[in-house]
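In what comes next, chain A is part of two complexes: it sits with chain B in the first one and with chain C in the second one.
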Partner chain A sequence: MSRLIGYWGRLCALFIISIMLILIGFILFKGLPTLELSLFFGDTAPLAAMMGLQPVWEGIWPACVGTLTVVLCAVSLASVPGIASGIWLASAPDKPAQKVFGLAVDILAGIPSILMGLFGFSLILLLRGSFFPQANASLLLASFCLALLILPYIACATQNALSSLPKQLSVTGAALGMTQWQVTYRLLLPQAKSGIMSGLMLAIGRAAEDTAVIMLTGAVANAGLPGGLLQRFEALPFTIFYYSAQYQSQQELNMAFGAALVLLILTSIIFALLAAIVRGRNRSKFGPVKSLIKERIC
Partner chain B sequence: MLELLGQGKVEVVGHLKNVSIQFADTKILRDVNLQLLKGQLHMLTGPSGCGKTTLLRALNRLNDCFDKHEMSGSISLKLSEGDVDVHLLAHKHLPLLRRKVGMVFQIPNLLPGSIIDNLLLPLKVVAGLDLAHAMARCENVLIQVKLWDEVKDRLNHDASSLSGGQQQRLCLARTLALEPEILLLDEPTASLDPENTEVIEELLESLKQQYTMVMVSHCPAQTARLADKVFRLDGQQVISD
Partner chain C sequence: MQSHKLTLKQNSWMQALLMTLVVTSGLLLFAVFCFLIWFSLPVFFTETTSVFSLKWQPEQGHFGILAMVFGTLSLAFISTSVAFIIALGLNSFCLLSRRRWLVALLRSLLRFMAAIPTVVYGLAALFLLLPLLRNGLQLGSGYSLFAAVCMLILLILPVICVMLDNITTPLWQQYALGAQALGFSPEQTYMQVILPHCRVNIGGAALLGFNRAIGDTMLPLMLAGNATQLPSGVFDAIRSLTAHIALVIATDQGGEAYNSLFASGILLLMCSACICLLSRYLMGRHRLEQPE
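For the complex of A and B:
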């Protein structure tokens, strides 16, 4: 029986890997031939387009910049409250307040992104009708709604990472005279770093790929480079959706595949950078001490 | 003991009155009364589960770290700050209490990181020392616990690369580095071989004059070798001293 379960497990793992390889292979097959400068900048001179001196009408460069900007804004908005919520949830998971808050986080995690988009859209209407008549769909609103969408991922990852640490670690810190905050900041968070980073990566991936939220809160097809937090913007997922749903030529469909490949590469680069940062920070906090000790010993 | 007090030879530095402790609905200790004398090693003995570790943790309020803990009675300690009513201390004052009443656990509880990280982190975070002063104190305590010669060339090595006995001495050094006044030792030799046990026992013997110590031990021979005063716990109470 256990052997059968083992085979079943391996088969499932193989199935997942196969699906992933087929998907990536398909995107590579369709998208690689389109990876040229014209995919990004169209007929515009690349340097002028990158500097924002000339508008790009037939390329995905503004969408690339828009995606990076909206993801950066959303993660900046969500990471601090997300990690703080996770710490609080992990601090006393059995207390009634934490239980209620944990349930709220779970519900938030289960809300479909289109509903979050509708929430953002309704927010504009509310603001327009009350104290901010100029309110409109914008980069800030899209980032805020995306932040709400990814906040539970960060909170849950932080909570799980902290809860999986041995109790003895915090008891040792307390026995040494550390305050609750010092135990959390100096002992627990560094140990939970990789788990929290995994949550952040998941959140970045979720924010980068989401179309429904930004479609209703600020993304448009031809906005050019993001002009500010209160301006509309272009984004890769929306560009992919737009070109694949309304293409009028094979070239436009190919652009959608190219944009999909670029989105994949972009998120992979972000993941790799985050992983490199985690590895870099894993070194001793007291690095400079090494030389000092050697001097003393000599 | 009263005779000794009368002669002015020993000073009472700790007083536990009617201390009862329970976790959730389980009563661990009931009406424990005892006194701690300055510069002496007090040994807590008794069968497993009789509440020795709980009693030890009551002295630095470490039981507060565990859920559903309730304590009644009073614990007074004479520290350099003055007489401290441990049972009445507000939560914000517990870090200072725990610094003054240091604790070494049964299993070496290393902090993640290198040997020197284990010593530097509490010194920098808790004692607020700068690197130069912290390093000087690290060297002193490592010499004090007779570990300096063994680790001086590999201070940046992972602390878990040390042997069990060395790890326990490192934990003792880490506690001593914070300059406590009372030392709580929860079976510090329980996980060690006889050779390392001997080293730790010699160390404790040498520390007796400097610190008031409360130690838990299951070993009658060790109790006979080290203890100045023995408290035997059974049935949730101190039945003899």
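For the complex of A and C:
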């Protein structure tokens, strides 16, 4: 009876590895031939398109820029409050206020991302109904909602990184006459740097891949380069979704596969950086190593 | 002396700044809950709309979302149970196999799978799995519960697997030698020592996978066909709650359709919060005594 689990395990491993090879191979097979300059810029001259002098119609360059912009905005909005919340959560994990806040962060880290989109959508409805009638879906709204989506991840990662440091570190700091801020800023944060960095990386990956939120809060198929914070924009995941559902020519389908390959490469780069950080942390001086995904899920 | 005062001042300023940031983010997160609840209140306190019925016919004024609830539940239940069984197999392979390089490969593959965007899964399934269902098995258009379940399994497998790995690896290091001395084979150790020991925590891991499965939007939206009906088999088209939200906003139906939107939102929120609390409780209970 228990011998079966050995066979089942081998079967599953074989199955998963072959399925993933087929899937990734398929994306590579379809995406690699399309990966050239015309995929990004269409018929427009690359330099002019990059400077934003001419609009790009049949290329994914605006989508790439849109994704980068929205992810940068979201991360810069979420990182400082997220890290601050993490520090506060780790400072006294047993007090009731921290417990309640930690619970809320936990729940929010797990809620479906489309609810953040729904939140953004209802925010527009509210703003339109009250004191800002021309409110509309925009880059700012999308990055705000994405920031809310990734804030719990950053807070969780920071809290985990700080609480895995040995207690002696902060006690020693206090005994040497350091103020609480000095202990946090000069002792704890440098030691927990790699943990916080990997949390940020996870958050960036999450923000880059998420489609549901930006779909409801401002991504459209044809917007050109992002014109401003209150304009609509294009994004890579939405481009993939849109063209895979409503392609009208082989060329549009190729764009979807090219965009998928670009997005896959982007997330693989983030993943590789993350792995490098975690490997670096294995050699760090203090504290046991917590595994990578444990922090992702909290 | 002066510098000491400065340091203290800096300390109090920085602590105040920290608290401000924390309070801001707390209020924002709280606002998300409040918004979703506030906007869904009319659903429960108006008599005219019957959101909780099976009929979705916006033209005739029927806005029932129960079919979507059922779609989400069947999707999540099937995919979680299959993924859980596969995850157990993978976990046993990670612990038992003597080919350590293969195990290392498998572990990094699983972590990589967690990083792959869901739209990429959806795209690959649209042009790889659906033609197979359409032409190979002659199943109409191929958009079905089955296609969505297949890809959802791949999506939640890394979540469950990595949690299982985190739970069982320390136990394995603790008990393997003793069990071997008592005459257990490695397979018996896994089945009869390790698994019974962490039954509750494994339940928590499966719940996390379930939470991920009900929350995913893109795969059901792209693959499940989005027909508002009760499925009679796995090859029927369904619509999940998440896909319903996306579709109603995208098609901009307005009016009473929005009520159903917020009703599905609040259902998802409640469901996800309950699962989150339960899995946190399960994972925290029996906190496995690990040797320091």
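Here is the rule we go by: the second predicted complex is superposed on the first by the 239 of 298 C-alpha atoms of A that agree within 3 Å, B and C clash if a C-alpha of one lies under 4 Å from a C-alpha of the other, contacts with A are read in each partner's own complex, and residues count from 1 in each chain.
Simple rule for what comes next: contacts are C-beta pairs under 8 Å (C-beta built on N, C-alpha and C of every residue); 3 or more make two chains touch, one makes a residue touch a chain.
Note that the structure is predicted; figures quoted are calculated from it, not measured.
In the superposed model, C is the one of chain B and chain C that contacts more residues of chain A. Of the two partner chains placed by superposition, only chain C is touched by A:T211; chain B is not. By the touch criterion defined above, A:T172 reaches chain B but does not reach chain C. By the document's definition of touching, both partners, chain B and chain C, reach A:Q182.
In the superposition on chain A, contact is made by A:D94 with chain B only, not with chain C.
In the superposition on chain A, A:Q191 makes contact with chain B only, while chain C stays out of contact range. Overlap of the chain B and chain C contact sets on chain A: residues 179, 182, 292-293, 296-297. In the complex of the two chains, the chain C residues touching chain A come out as 7-8, 10-11, 14-15, 17-19, 21-22, 24-26, 28-30, 32-33, 35-36, 39, 86, 88-93, 96-97, 102, 105-106, 108-124, 126-128, 154, 157-159, 162-163, 165-166, 185-188, 190-192, 208, 211, 214-218, 221-222, 242, 245-246, 249-250, 261-262, 265, 268-269, 272-273, 275-277, 280. Against chain A, the residues of chain B that register as touching in their complex are 60, 62, 65, 67, 94-96, 98-99, 102-103, 105, 109, 111-114, 116-117, 120-122, 125-126, 131, 135, 139, 152-153, 155-156, 174-175, 178. Across the interface of their complex, chain B is touched by residues 92, 94, 168-179, 182, 186-187, 190-191, 284-286, 288-290, 292-293, 296-297 of chain A.
Within the complex formed with chain C, the chain A residues making contact are 1-3, 5-6, 8-13, 15-17, 19-20, 22-23, 26-27, 30, 80-82, 84-85, 87-88, 101, 103-108, 110-119, 121-123, 125-126, 148, 151-152, 155, 179-182, 185, 205, 208-209, 211-212, 215-216, 237, 240-241, 244-245, 256-257, 260, 263-264, 267-268, 270-271, 275, 291-294, 296-297.
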